[in-house]
């Protein structure tokens, strides 16, 4: 840890004295260095690349990708990357715009942009799309297929390994996809309604037949008003929904105010639990991995609405 | 639901969220309006802005130390940071003698940067639960619940009670710090108390209004009240009332249309109150002031012309018609300007004849006589150097009608023993009376 | 033909908020005199100078300098504000402060030359501040600050000097130096117009006075206009016995610094 | 060229530009204008975006700079005409414009492109990757050119109009009595403050703007004996802060901009401590005629 800091500091001093040139010698067999923005993407890159890639996710647990603040180390991480993978579709806010422009100089891959627009959910007339593509596992697989091609193009010698691992990863995706489909279908029809703080689950809803209602819009930066609260409350009350959910990257008090309002109006609703939306759980926990995170969400939804 | 239905639905207040948000924002408006007035009068209008920004490192530090998002812990952290920031400002201005605005800018940016520094460091740590930490400083008024309401109510009530209890001391310190010190009032202790009150108001408002808008809730009602009154008690009352009104307006708008944030609308309402006061405030408003300036200018201009015409008439008779050139011969004025003044005098019935050839009407003659009489009496008085209270001259000057009223003229006349001519040998006219007006 | 008055005001009316602070002042102040503007606090003395200089707008009326609008004769008029109106923490040396007086004569991209520096040195010499040329203004005493201001006005090379309370809060030595300077200016045909507070010294320092209390009370040579009656008239009841006595003492040539200052001189 | 070198150059430029305009604003006691401008331009950015329908950087920049200037002008107007306390007028104007900006965004919330976070704050660490191109040639980061332009303009202004600005910042009344147009040069300062603020927060983030206007200028003011010294000292202090901040950011692996601000703060603390020490050690043999301003 300390050693790491010293080396970082040293590298700055080197830079400051114009002695740049710690050219990263490109060893023939070194794994491909990939930097991703979110941990979901890192999970997929690892899934496909195995030990032939060295993946680093910039954004940790609980971080809202939209307002992520870049740190000093991130420059070197981005700089040293042989491939940068990000979500795109404005998930990463300002950083996404910069990454977009970086495409001229560096290998950059935007998962969302590689998908056909017809498969995406449009949110306005100007051509903007909902970025939360990882909650539709088939769509996420399609994004993964494009990523696979990109990785192969960069490391043709590892093509067969990538393909084998990708097939396994995709198979897991397909299996989980089928399970979600089945489980959600098992819910009573009037309970297939997902009420959360912000519109992160539109793809999930479209893919698995759940209606999705959020207090806030796509972006977590906008504020909701009393009218939005009223709208959501009316839906919850009129449909007899059993539970609503808080999200990992949104303050819980948003949904808590909805609950308190419902309770005070004599229509108590349970808090279904916490769903992961824009980020995953801490590394080292099951929720810190993509499949664990999706399963956590699924269980939480099932338990609350069954 | 139509807009009208929504409006009625709002005012039924049977929607618990609506009730909470309306009450809460009204309470927030009242407490920040109250305490902001003190900051503005201390000539530290932007202190609220600084303390709101300075809360960030308190939030991150509290989270870092206690690993919890528990609102009370976070609020206490923010309050501690606010007090520290106030202390640093005090240190920089009093001890290091930095300029006030520099000290504010320095503390604002330094504290905020410390917060960001810790945020970027935290987001790399394997800590769950940090989500929404940075959101703490963004307002989300609609998420206000009954629990917040108790806190808001307690703080608002506490602030109002404290202000009421300490009103005389606070007023003394605000208006004459030196005097308060001389009287042995522990000024520093009261200033610290005011700072603590301000920090309280800021901290409870942050989650609801956000950093920038919190600054407005503290400042704008106070600035508006300052325009409307010069006295502390009415100012506090006005600022609180405006805060409450704006809070209700913000809640109302946010109920009427989707995605309408309460806090910003509250600020817009406050700003509109401010603009209205700026334009219309009876004493300090731009419009009344411009009107007063204009009427003052017009009166002086008109009176000068009337006096000139009177002098011209004196040279001949009250029946002679004079041209604009004759007037300009005595009073160098632009032709267009003179024309405008003459037309006003015509409209007021002060002149007879046409705008080209004119003389004083009966009413005009009366007023010109009064003016000339005052003028010449004054001159005579100065010449004879006899005592007259200048305060009376001053009151006369301020009086809307004439510089010297008839009572003053009479006094001068009496004291001077009814002089008939002024120092230049010109006759001092008698007191004009309708009955005695010169007949034509 | 008599020369145009140094400063002539016509129908000058200035209002601050709703209150007119100066009402319909018409006044000609001659050249080649030391002129005091006298009146109680709030009588509009400073406002008169500021309105004449165009710093605050006049509701009615106009000011002419040497018979011309100010913009035509700007170089001939120097203005010295009250000491309290200036930021004494500004990072600037005495020399540079005086050099600021030369800026009016320079185009805005021009640098001051040797002649300007000479002028600055001469001005500092005249006020007896040559030894302090490199001192920071924040380290000066009140009297020294006032002298620097005078030097700055002198460096402007003006014919007319408008000064707002030049004697406020200065020591006796500075006061004498300033008076000597006034006399030197008069000797070379220049004019000084100063807002003044200390009634006990008016007769000694100034040969012309204008008495003001919102309106013009009287103006003219000191010996004819500066009378007790006029003063009482100007100051109303506020002219206390102390001032009366102070004045009589002065008139008798018994000027004594030990006497308390008159009430108007609360600096 | 290495990214870190670019970051260094861009931060140095941003520091210098803000230190120069900041020194003048500090002397005029209106340095909080920087804070006000960088908040109120949100409204300008949203307006430019909604009117042009695109995120064209030039449009956004123009909209922001215009609204920044507008807020400076409005502040001045409120102060002069409305006789509102200067700091109060700053606060009222910028919070109002900010609130309008937030509401406009809320009214177009579906356009995910535009929100206060991603519009308002540039990120110093990302500047090297956001490059300009002529044809296919990479001519360096956009932030670099933007800040270079602003710094050049500032230097030009100081070179050409040093004297009027010197007179104005010392005393507006004195400047006016010399026939220097106070309104003109105040407007020039407001324009430059607005351009500098917009150019730097677009490139390096909003916290750096206020901090770099206030901190290096005040650090320089501790020891400066003339305006010239203060300007040079402020630029030097900002450069030191940038170097120290980069080291700090590397050490903590944290936000570079925030670290620079903290370094600038430490530098000011150092300067104040040094001065206090010097004063104490020379207090014995020093006459202390200091003006007493209440």
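A, B, C and D label the chains in the order they appear, each numbered from 1.
What we mean here is this: contacts are C-beta pairs under 8 Å (C-beta built on N, C-alpha and C of every residue); 3 or more make two chains touch, one makes a residue touch a chain.
Only a predicted model underlies this, so the values are computations on that prediction, with no experimental measurement involved.
Graph distance from chain A to chain B, where chains that touch are one step apart, equals 1.
Common neighbours of chain A and chain D under the contact rule above are B.
A comparison of the B-D and C-D interfaces places the larger number of contacting C-beta pairs at B-D. As a whole-number value, the distance joining the C-alpha centres of chain A and chain C reads 74 Å.
Mean C-alpha position of chain B lies 29 Å from that of chain D. One simple way to say how far apart two chains are is to compare their mean CA positions; for chain C and chain D this gives 39 Å. For the pair chain B and chain C, the distance between mean C-alpha positions equals 33 Å. Residues of chain B found to touch two or more other chains are 99, 116, 119-121, 124, 259-261, 263-264, 284. For chain A, residues touching at least two other chains, in rising order: 67, 69-71, 217, 221-223, 225.
Annotation for chain D: residues 29, 83, 102, 106, 109, 252-255, 259 touch two or more other chains. Interface note: chains touch in the pairs A-B, A-D, B-C, B-D, C-D.
For chain D in complex with chain C, the touching residues are 27, 29, 83, 159-161, 163-164, 166-167, 169-171, 173-174, 176-180, 221, 224-227, 229-230, 289-291, 293. Within the complex formed with chain B, the residues of chain C that make contact are 11, 13, 15, 17-20, 23-24, 59-60, 89, 213-215, 217-218, 227, 229-230, 232-237.
Listed in rising order, the residues of chain D touching chain A in the complex are 1-5, 7-8, 53, 55, 102, 105-106, 109-113, 115-119, 121-123, 125-126, 128-131, 133, 138, 243, 246-247, 249-256, 259. Residues 6, 15-18, 20-21, 69, 71, 116, 119-121, 123-132, 134-136, 138-147, 207, 251, 253-264 of chain B touch chain A in their complex. Per the touch definition, chain A reaches chain B in the complex via residues 59-64, 67-71, 217, 220-231, 233, 247-254, 256-258, 260-261, 264-265, 279, 281-284.
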